[in-house]
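Chains: A, B, C, D, E, F and G, in written order; residue numbering restarts at 1 for each.
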Amino acid sequence: MAGYAWLLRLLLLLLAVGLGYAVLSLPDQAQGLQPDVLGKMDQSGVTHPVTAVLLNFRGYDTLLEMAVLLLALLGIWSLGGLPEARPESEPGPVLGTLTQVLVPVLIVVAGYLLWTGAHAPGGAFQAGAVLGAAGVLLQLTGWRLPRRAAGHPLRITLVAGVAVFLIVAALPLPGGRQLLEYDPNYAGVLILVVEAFATVSIGVTLAALFFGADPTDKAPK
Amino acid sequence: MSVPFLYALVGIGLFCLGFHGLIVYDHLLRKILAINIMGSGVFLVLVALAKRGGEAAPDPVPHAMVITGIVVAVSATALALGLMLKVQAATGHAVLPGKSRD
Amino acid sequence: MQAILSELPWGLFLILIPLIGGIACFLLPVVARRLGLLTASLVLSAAVGLGWQLSSRGVYHHAVGGWGAPLGIDLYADGLSLLMLVMTALVGFGVSLYATGYFKPGHLVRFWPLWLLLLGALNALFLSADLFNLYVTLELVGLSAVALTALQGGRDALTGAMRYLLATLLGSLAYLLGVALLYHGFGTVDLVLLSERVVPSPVVWAALGLMSAGLILKTALFPLHFWLPPAHASAPAPVSAVLSALVVKASFYILLRLWLAIFSDISGDVAGLFGLLGAGAVLWGSLQALRQTRVKLLVAYSTVAQIGYLFLVYPLAPGMGITAWSAMAYLLISHALAKAAMFMAAGNLMQFGGHDRIADLDRVVQRLPLTAGAFALAGVSIMGLPPSGGFNGKWLLLQAALAQGRWDLVGVIFLGGVLAAGYVFKVLGNTFTQAPRTHEPISVPARMQWAAVLLAAGAILIGFLSSPLMALLEVGDPFNINGKGP
Amino acid sequence: MTPGDYLSAALLIMGSLFFLAGTIGLLRFPDVYTRLHALTKADNVGLGLIVAALAIQASSWAGVVKLVLIWLLVLLAGSSVSHLVSRSALHRGVDVWKG
Amino acid sequence: MEGMTWLGWSFDAFVGAGLLWLAWRALASPDLFKAVVLFVAFGLLLALAWVRLEAPDVALAEAAIGAGLTGALLIAALTRLGISMASGRHRNNNKEEL
Amino acid sequence: MQHLYLLLAVFLLLNLGAGMWRVLRGPTAADRMLAAQLFGTTAVAVLLLLAELENSVALRDVALVFALLAAVTAIAFVRRAWAGTEDSNDTR
Amino acid sequence: MNKARQEIDWWTVLSRAMLFSIIWWALTDGADGSWLIGGPVVLCALVASVALRPKEGIVWRELLFFVPFFLWHSLIGGVDVARRAFHPRMPIAPELVEYPLQLPPGLPQVTLVNIMSLLPGTLGVELEGQMLKIHLLDGRGDYLSGLKRLERRVGRIWVESADDFSRG
């Protein structure tokens, strides 16, 4: 067994050396798409390059990526309930207060990241992650989604991001234009709408991933 | 060698370390960590090499790709953790059955 | 009317319809069944529409966002993509039909969104010409396939799904690292542009190794097939059908595209390696299939073997061009249809008898004739007997091998056929006899039987359609027959 | 360097020393409770001094408020977490180290 | 400027070495909880690496995911596995079972 | 001033490295968690220094997100992993 | 039934709206046009905040007085713990003591516990009813008078306890 481990390590070392050599053989100057991106920035509707790539130039990737996130949730829900953690004790007043203070601030910061994404680092995913953390915090404090919100309202919120993105993406099609081809005059607004819905959906999805099971599941095994 | 290449090499190192961990360790949680570390390595290569060439602002395309990749990684991790719990519930162990590679 | 129809972006419909259908099924579980079947039929018609468009107007090209290749993402469909898309739509329709009978309502509700997203992801994958976009679709395919595998729970399915998940993630990461290296080496992830820019260099070598290894792992080529039998054999039957028929083909397709666009000029030696592994897969998979005592495991190992044939094409292609590639096309589509039919038949047997032990198949021929017939028809194609798509594929492959004097490969193809006959008859033989342990049959819905029969019949029918199939395959010249040449 | 810069520099160095103190305490102190003392107090003062130093350099009032907000959030998180951790340590029967 | 380059280099070297070390320890340490904590630390250090590589977007994403979600997700999963997080002296409790 | 920012960032980074010793040693899970907490606070400080160095608003935002979420992992630990009293083995 | 609605205290709402607006302003550096998004965001935060805690009363003047007190003592706290950490013989004598609280439950007590953890030598460990368990870094000194003074100052900040702890 020891010989086998030794061999494996040797092979991986060789792999590392080979890959390292390949990386070092690259020229010192980057040959990326930066000039193309900067050249088209004025038509993108935003002024921050990464956001322009994520939601305009390569928006199709982002659309599919949101489908991946939704899919992970569907996958976990289809597992039919995870083993419950041990019953939770009282959160105590200190944690309760911490949550009461942090959650609103998290919401404001998520909104800020969404807003700033148009011209500076930030954007829907970062904002959604912050929002998701608020959801996790609430769950850790013992809060649960009310029953009347756990069915359709939750499901609609979960898919809203993908659905709105799909609608916005398909809008140019009847006019004979391409998928996701925004009119440069409205690109900024459309991107903001897509991002706003995406933020909420991503946040709720991440929080639901943490929760684990479909809250409408009657009897988790 | 410049700073971007340093980080790119670290990325390669992480990729190989994670690969090693994925093969060698049996516990599923460790395998999931290993996959995540491998992923971080790949992301590091993508982002680091975008900064080649010194002073100019780096290429934004790999940054966007990595953000997409991080979302995919989180989704996969969450699904894997859920599946791991179900495996443990079904078999009593959070390891894959069969020929154990020690 | 005709003008409008040929203007429609059928390729986009293939992606958008299942995505929308999946979301709708998630929101409206009450009507999910109807929505699901509707979506599957719409996808089938869109695939037909795209085929028609391709045959009349040549390759399909759609620059998403209107940006065009290096900056934006291009969708692209030629004859090869069309082949995969039609195959997906056909199997997808059969599986949708089958699933309505197979799953209990509780599972069916969860099945639809996952399955339709998988269908959309497969279509998106076959339409993409962008390496990073292919990564995203690959993950979408992988995660939904894993979730579907674990859908019904149970010890074997869960551990199989877990192993599958780890393997598929590992494969994707290796692929992504290759994409990273290619991007930084040549400044684009567009397949067409890359094929123009790539020059032999250490970066290309590393990318070739990483991407090939990752995709081979995902395609379950011997000896990296370890995850396939447990996952495919323990998944619900319609899911097994999709996994074997379509999902492993997705990563194979990417590998093929990469090969055709970039790597074939870079290295011919790797083709020999692929051929060697393919031969190993044919022999090893067939032998393992023969040894199995359960129908689904047998069928799963048969997949390992049949994947091997696809890789035998690589070493033959440089000399033989279109003959070898046509063989691959036939093998791809006929295996998809036949294997889906086989898994469906196995699912019927399991539902009928409550088990899938080969030795205890109890007079199934008399009691479940349609299912036994479907298995037999599918078996004909898998064995490569005439007249069937499988026969055409293996015949062309044999011609290519003979013409180049590759007697080793000729032997492998023959031996593989004989072994396949062995494992197919192992199952069929037991369907005639009375088992020592008889059992009370549980009724199997007619549509589950008919779905299997339809797909199996399709695998046979492909054998008669050689000239239209060939004509479609040559749209856009995916194999560079007229272009760069061998 | 302006007088403000000198003040900033002094504050920064002091702040970093508090971070060092926190780490030393974390390493040297004998049990969870005492380590919590070291970590929360020293690091929060350290961060406070660094924030103060940077606030001197800040170009706008909004920037100052943002820095203070960051500090307050860390304070809140640090003190709440130290309470929660020590509380659950007590519940789990972790004894208090005595001399 | 010479000093700046040198300092920047050492910062990057520490971050790189730290990443490799944390990854190694996270995978190799026998205690699963320790592995998770090291992995969380790995995520935080990675955020610093993104900052140094002038990728603040990625750093933001990593900070939000790494600090907020992954840690919580891993710890919750660890608890649901039923692994007791006892003291280091009771190694048998928290070693992975086989 | 620029030198000082970077110098102190390196110093804090080394400080972190020393703190990792506590993660390795434990002995209780809470001790390991504390070190993660230290990581959070120190990273905020390092990010603020780097933000000043590069005069970048974005890095301050990263620090802000760190500060906001520093508690989440620790709370998950307290509420999930270390809740309850059933295990009284850990005396230190 | 309408309990939550009845309890909404408009002063609380207004002061929190102000607070969140200030945070938004600080984050965006007062950029033009940011309020188009800032408005709805602040509103969302306000709704969440009121839903989580409908009301509290702060005596702002006392809070203002409290700030320098807190800053000074937390600095002392840092210096104290740093001194003990660096000291070769590490002069600590930890002790767990119980302290009967005068403060009413809720925010006043929580504030006390939180602030105590940042001040010299004390760490609030457990809050049960009117009894607070405190961990002392050094039980040899006079911690009681300091605690009492802190409790008084915290009490004055909150409306519900302000009268009991007023100056004099």
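By definition in this document, contacts are C-beta pairs under 8 Å (C-beta built on N, C-alpha and C of every residue); 3 or more make two chains touch, one makes a residue touch a chain.
Not measured: the values here are computed from a predicted model.
Enquirer: If each step moves to a chain the current one touches, what is the fewest number of steps from subunit A to subunit D?
Expert: Step count on the best path from subunit A to subunit D: 1.
Enquirer: Among all the other chains, which ones are in touch with both subunit C and subunit G?
Expert: Touching subunit C as well as subunit G, we find A.
Enquirer: Count the C-beta contact pairs for B-C and for D-F, then tell me which is higher.
Expert: D-F
Enquirer: Comparing centres built from CA atoms, which chain ends up most distant from subunit B?
Expert: G
Enquirer: Distance from the CA centroid of subunit A to that of subunit E, rounded to the nearest Å?
Expert: Centre-to-centre distance between subunit A and subunit E: 21 Å.
Enquirer: Starting from the mean Cα coordinates of subunit C and subunit D, work out the distance between those two points in Å.
Expert: 58
Enquirer: List the centre-to-centre spacing of subunit C and subunit E in whole Å, with centres computed as mean CA coordinates.
Expert: From the centre of subunit C to the centre of subunit E is 39 Å.
Enquirer: Distance from the CA centroid of subunit A to that of subunit C, rounded to the nearest Å?
Expert: Here the centre of subunit C sits 30 Å away from the centre of subunit A.
Enquirer: What parts of subunit G, by residue number, touch at least two of the other chains?
Expert: Correct list: 23, 27-29, 113-114, 124.
Enquirer: Please list all residues of subunit B that touch 2 or more other chains.
Expert: 9, 13, 15, 19-20, 45, 49-52, 57-58, 61-65, 67-68, 70, 72, 74-76, 78-79, 83-86, 88
Enquirer: Do you know which subunit A residues sit against two or more other chains?
Expert: As it turns out, subunit A has residues touching two or more other chains at 19, 23, 26, 30, 32-33, 37, 50, 58, 61, 65, 68, 71-72, 75, 79, 82-83, 85-86, 92, 94-95, 97-98, 102, 105, 109, 112-113, 116, 121-123, 125-126, 130, 133, 136, 140, 206, 209-210.
Enquirer: Considering only the defined contacts, which subunit D positions touch subunit G in the complex?
Expert: Against subunit G, subunit D makes touches at 17-18, 21-22, 24-25, 28-31, 33-34, 36-38, 40-42, 44-46, 48, 60, 62-63, 65-66, 69, 75-76, 78-80, 82-83, 86-87, 90, 96-99.
Enquirer: Name, in rising order, each residue of subunit B that touches subunit E in their complex.
Expert: 3-4, 6-7, 9-10, 13-14, 17-18, 20-21, 25-27, 29-30, 33-34, 36-37, 40, 43-44, 47-48, 50-51, 57-58, 63-64, 66-67, 70, 74, 77-78, 81, 84-85, 88, 93-95, 100
Enquirer: Where on subunit A does subunit D make contact in their complex?
Expert: 92, 94-95, 97-98, 101-102, 105
Enquirer: For subunit B, which residues are in contact with subunit C within the complex?
Expert: Against subunit C, subunit B makes touches at 15, 19, 22, 28, 31, 35, 38-39, 41-42, 45-46, 49-50, 52, 61-62, 65, 68-69, 72, 75-76, 79-80, 83-84, 86-87, 90-91, 96-97.
Enquirer: Which residues of subunit A touch subunit C in the complex?
Expert: 18-19, 21-23, 25-26, 30-33, 36-37, 40, 56-61, 64-65, 67-68, 70-72, 74-75, 77-80, 152, 155-156, 158-159, 162-163, 166, 170, 173, 177-182
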